[in-house]
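First chain written, first letter: the chains are A, B, C, D and E, and each begins at residue 1.
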């Protein structure tokens, strides 16, 4: 095995890891603020992909142009979902919360199939197709752009949470919604915001992913397990944790697949994940319970 | 030898030392108060004795047996019972079942546990709630239930953290009576408390902590006249 | 007028739904032809549109059911179709795992089960009395592929060189891998590396790097749709291109494969059981496909054409039985001897052996050129010559 | 009295059922019973002890695989195989508990998914167990001795018997000290430790018993459907279904999973039967909408809702009585300025 | 300034307070006392908007507020230091204080407000960057009061501020309350330390099983025989 292949694989691992990170950030965000695990997160991703696809195929708008649009649409969708459904389960037991989002997951898949048929779609020849040589490595341009996008979005979310007033309010709501209301913070607005941002992150990931991944109603299923692992590994609710864990998982998956055999790549990630939790039950960067 | 011997116990959280070389003892069947300003390390000490923290240094012995560093359930089996600041009731159970769960430490037989539990409910004057869901009891009733539950493991010593906070003076008096009744059954009590009216009149001994260090120990009389205690805690 | 109910069990929702939709269309077309005829396609059985003549023109009625790619659901649906819908026979179920459980219910109930498109070899190794399969299975397909390579060398002097395989790690990919391992030495192939991967994967980087490291001339590949598309994109991204990709149907023959990848799908060779360009030898193929296309705006695929054929064979057997008695239908199926000229498949015909396997079936190989599947093997059926090696990524127009 | 009457009615229905429904409906009933049994088994650890496992398919699959591998490769009688499956699953539950029980809440739930996923990967690769190709249970040996039948009726009795056995075990646990310990651990783990409950040990007990019974369900599946592969007996969807059944009916109640199974299985079967053939995913949409509806509006499940409905009615009456009493005795009374 | 009339509040279906009427005049300290579980906290929570009023009305500076959501009452000048502190345990002391000023529009003055608080409670200064959740009970109580003051309220409601506080600090806390009051902030105080609370209160109410049963100036109530007997155990 040559160094070149190792480096090349490492680079690919980092790039796919960034996408995992982006999907996971939305998930961890919703969890952090509301303590709800969103099983439908992969479907948000799917919606982001379809939105990009339809804008591309109906209006010939390039995915790079429509990315902000997709992000806004998913943001609105997340808020709407909160207002229609999630708002009713804020105080429900964890189990019924899990099953509400689980139901939403199945529902969105069904609706996607109903509206758009189960066909596999994809976007060809977008502005970012092709690949580039960088430092002697061959990297897919869509992947590269997606990776950069993931870094930018993560940075924005991180900045928002840690440097803005609204971010502080979001964190306050996350830790005690009643106390937050006593500070004059509208907790429903904050929750809706969390769902909005969470969905928007998934939407961004979907928009970026659509340039190089097939689009179909069940596509979320491929990503959700890894997203869960990433969120868990990073620590539920930790945005920076999800970011680093995403990259870690991407790299481990790809390198592990290369060195130990691709059929075991998921197993390697899962074993690593369980091993980390043995020593840090709260995840790599999670706060102690 | 004393029932509970705390020797040179220290507990550090990262750089912060919450307890520093604290030693004291509790004799069987006595009431000992643990007081001190906020952040003095009382709750920390309490948690070390009850097994919720592992002391960074020092030893804790109950009846000559080392219990320092044992997990909470092992401490409970050794004879240390405790209450929590928030009542931590088993909300899916009735009052009686709450106490039965504790009584089962001594025998797994459900019928026998029920008999024992009814006894402790009567002791805490809660018989009428026996078959009511514990969640429906008021906060102060739940606190009393927690005492009954703690006693049901028939401990040698009962640890209570601020059980009298938020009680008005006449309620404090009732609580004091309960403590005395417990002591009269031969169970020692170690009480962390800021409500001095609740602890001073009944304590056989008071231990005062300040910034993690023991600054005084003695009868309530001695302690309340100790100048160090006055400046650090009681105020003038 | 009498109605003959046939149960059809397919993945109409869930992971297999995309294929399920195509199969459903093929079944509807077949039923419509049987019941209402197909003027102008005289050679097709039932083209007169009089229903089943031996049953006084009884029409067939399809009872659709959805197994969601879940074996237990497949079994329940079979049970329901038999006892409640009182179907006289069952056709299904695409996914081999579901075919396994659903046919088991039919076997116990004594109802004929015809399987047009599941490829797991094990299905006909169960000594079932009521199970019939019209399609060739993986064993034959792997033989076909290796036979092709052998002939290629013999006739055109093209040596396969270093061979690697990339197969999904489910039932199908695993069986295929095993067969390839077993047969490669017999065909004196240098099978340097066998890579398996989970079909639901999000990336194939490590797989492709592993292949690349072996520096192969030929990749044997078995993938479903999403992963087939993903693999092609990854090949291109990482600049990997062997001289030949010899794929194993499924994802590579899905309508969406060419639609999605466009020129990046070019020159892939895939095993098939059907191709439009075979029409020159068998006019039925084009005629029926035109009918299909005018109705559903898609062409047949290997899957939908096989399903179409399956229902035709079943209808033929019921007709010959002249009865809806299960045993009579079973006997008719056993006695089936349909000539290739009555099929839309490039097969010699349909005739079942003792295990219920059609022995006259055959696979072909097609190569994608100009967005179409062109038959390249068997050489006597070939519509084009094999393009070898594949042009490099950057040398395509 | 009411209970005896109810039991008598249920027993009569159970006995009469096979003679009034056809094989397909009987099959649906069997599915209901099997799902109920899994729900009851899951409920022991997920409901009573409050440890939300989303990885129970691992035990189910282990049960199915153990009995089948033993039967195929060693000709071991399925009755023994079923038992062996239960024991193997119980063994696995030790590793499962060891790796997951130090985690809490969502961390625990996610880790259980990971463990089950690993088990699935293992069976996908395990040559001896048929790998991804799966295993066929031979049909040649029939009858009660080989737990293999051409008709549905015996499976009905098997499923019913297994459900009753599991219910009985659950009933016994609920009433013994274990039931008290499980609920204490679920309600307030710290308080449970303070009264001497070794929560790690009792969580493990709950899991092991639950794993054992789940595995029995898995073996029954293998004997009924006669074909198993990793996708059908080890999938996460299956784990989720076990939990879902309990939640719909009411977690931590004896009969909740049974109620849940009746509801869920009916929704599942009927929405698919009525709309599945259309191929547009309508059945899935209906199924999902109903899950969301129940989860949102009956968060404690149907049984939970029913009991709390009755309790609240009683409490309301109680409270008004108390307030009236208070008002009468309160001293000093009336608003008066001093 | 605050006027509650015939207020009734339920938790689910259970009645918690049945009939509470009280008034807080501008610039005054008003104490509410009563035994455990009699509805003191519920009353304060209803004023803050955490519990809905089932009947009756609450008006603040002449404006009816009982239908307004909690977060909209804060900018009007209502601030509650809740029972059990309810800090944001995962955030630092400083961030907790900043959040206290969430609705304030005079952003630049918030900084000096924080400095003021740190002077008022020196213990908080020492621990400005510690996570609130790891502080001792008493330290947390100080922070809760300081956070409540950060909103610059016109009416500050305190629910058992001396809960868990060392005797020396109880006096200090009550001093702070009086100081705050002297700056013109009205106070509604719920406290079990009857003598001290009624000692500093201008006016007081006694609540029992969800209704106001007595009222008067702090001294009047302290001297009342029934109060002495029922609550002071004298």
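By definition in this document, a residue touches a chain if its C-beta (ideal position, glycine included) is under 8 Å from a C-beta of that chain, and two chains touch if they have at least 3 such contacts.
Molecules present, by chain and UniProt name: A, D = Branched-chain amino acid transport system permease protein; B, E = Branched-chain amino acid transport system ATP-binding protein.
Note that the structure is a prediction, hence the values are computed from the model and not measured.
Minimum number of contact steps separating chain B from chain C: 2. Chains touching both chain D and chain E: A, B. Between A-D and A-E, more contacting C-beta pairs join the chains of A-D. One simple way to say how far apart two chains are is to compare their mean CA positions; for chain B and chain D this gives 41 Å.
A straight line joining the Cα centres of chain A and chain C is 36 Å long. In this assembly, the C-alpha centroid of chain A lies 48 Å from the C-alpha centroid of chain B. Separation between the centroids of chain B and chain E, computed from CA atoms only, is 30 Å.
Multi-chain contact residues, meaning those touching two or more other chains, occur in chain C at positions 13-14, 17, 20-21, 169.
Residues of chain D found to touch two or more other chains are 124-125, 281, 283-284, 315.
Across the assembly, chain B contributes no residue that touches 2 or more other chains.
Chain D meets chain B in the complex at residues 175-177, 180-181, 183-184, 186-188, 190-199, 252, 311, 315.
By the touch criterion given at the top, residues 13-15, 17-18, 20-21, 169, 195-198, 200-207, 209-210, 212-213, 225-226, 229-230, 233, 236-239, 254-257, 260-262 of chain C touch chain A in their complex. Listed in rising order, the residues of chain B touching chain D in the complex are 50-52, 71-73, 76-77, 81-82, 84, 88-93, 97, 100-102, 104-105, 108-110, 113, 133, 136, 146, 149-150, 152-153.
Against chain A, in their complex, chain D makes its touches with residues 46, 52, 99, 102-107, 109-111, 113-115, 117-118, 121-122, 124-125, 236, 240, 243-244, 247, 251, 280-285, 287-289, 291-292, 295-297, 299-300. Here chain E touches chain A in the complex through residues 48-50, 69-75, 79-80, 82, 86-91, 95, 98-100, 102-103, 147, 151, going by the rule given at the top.
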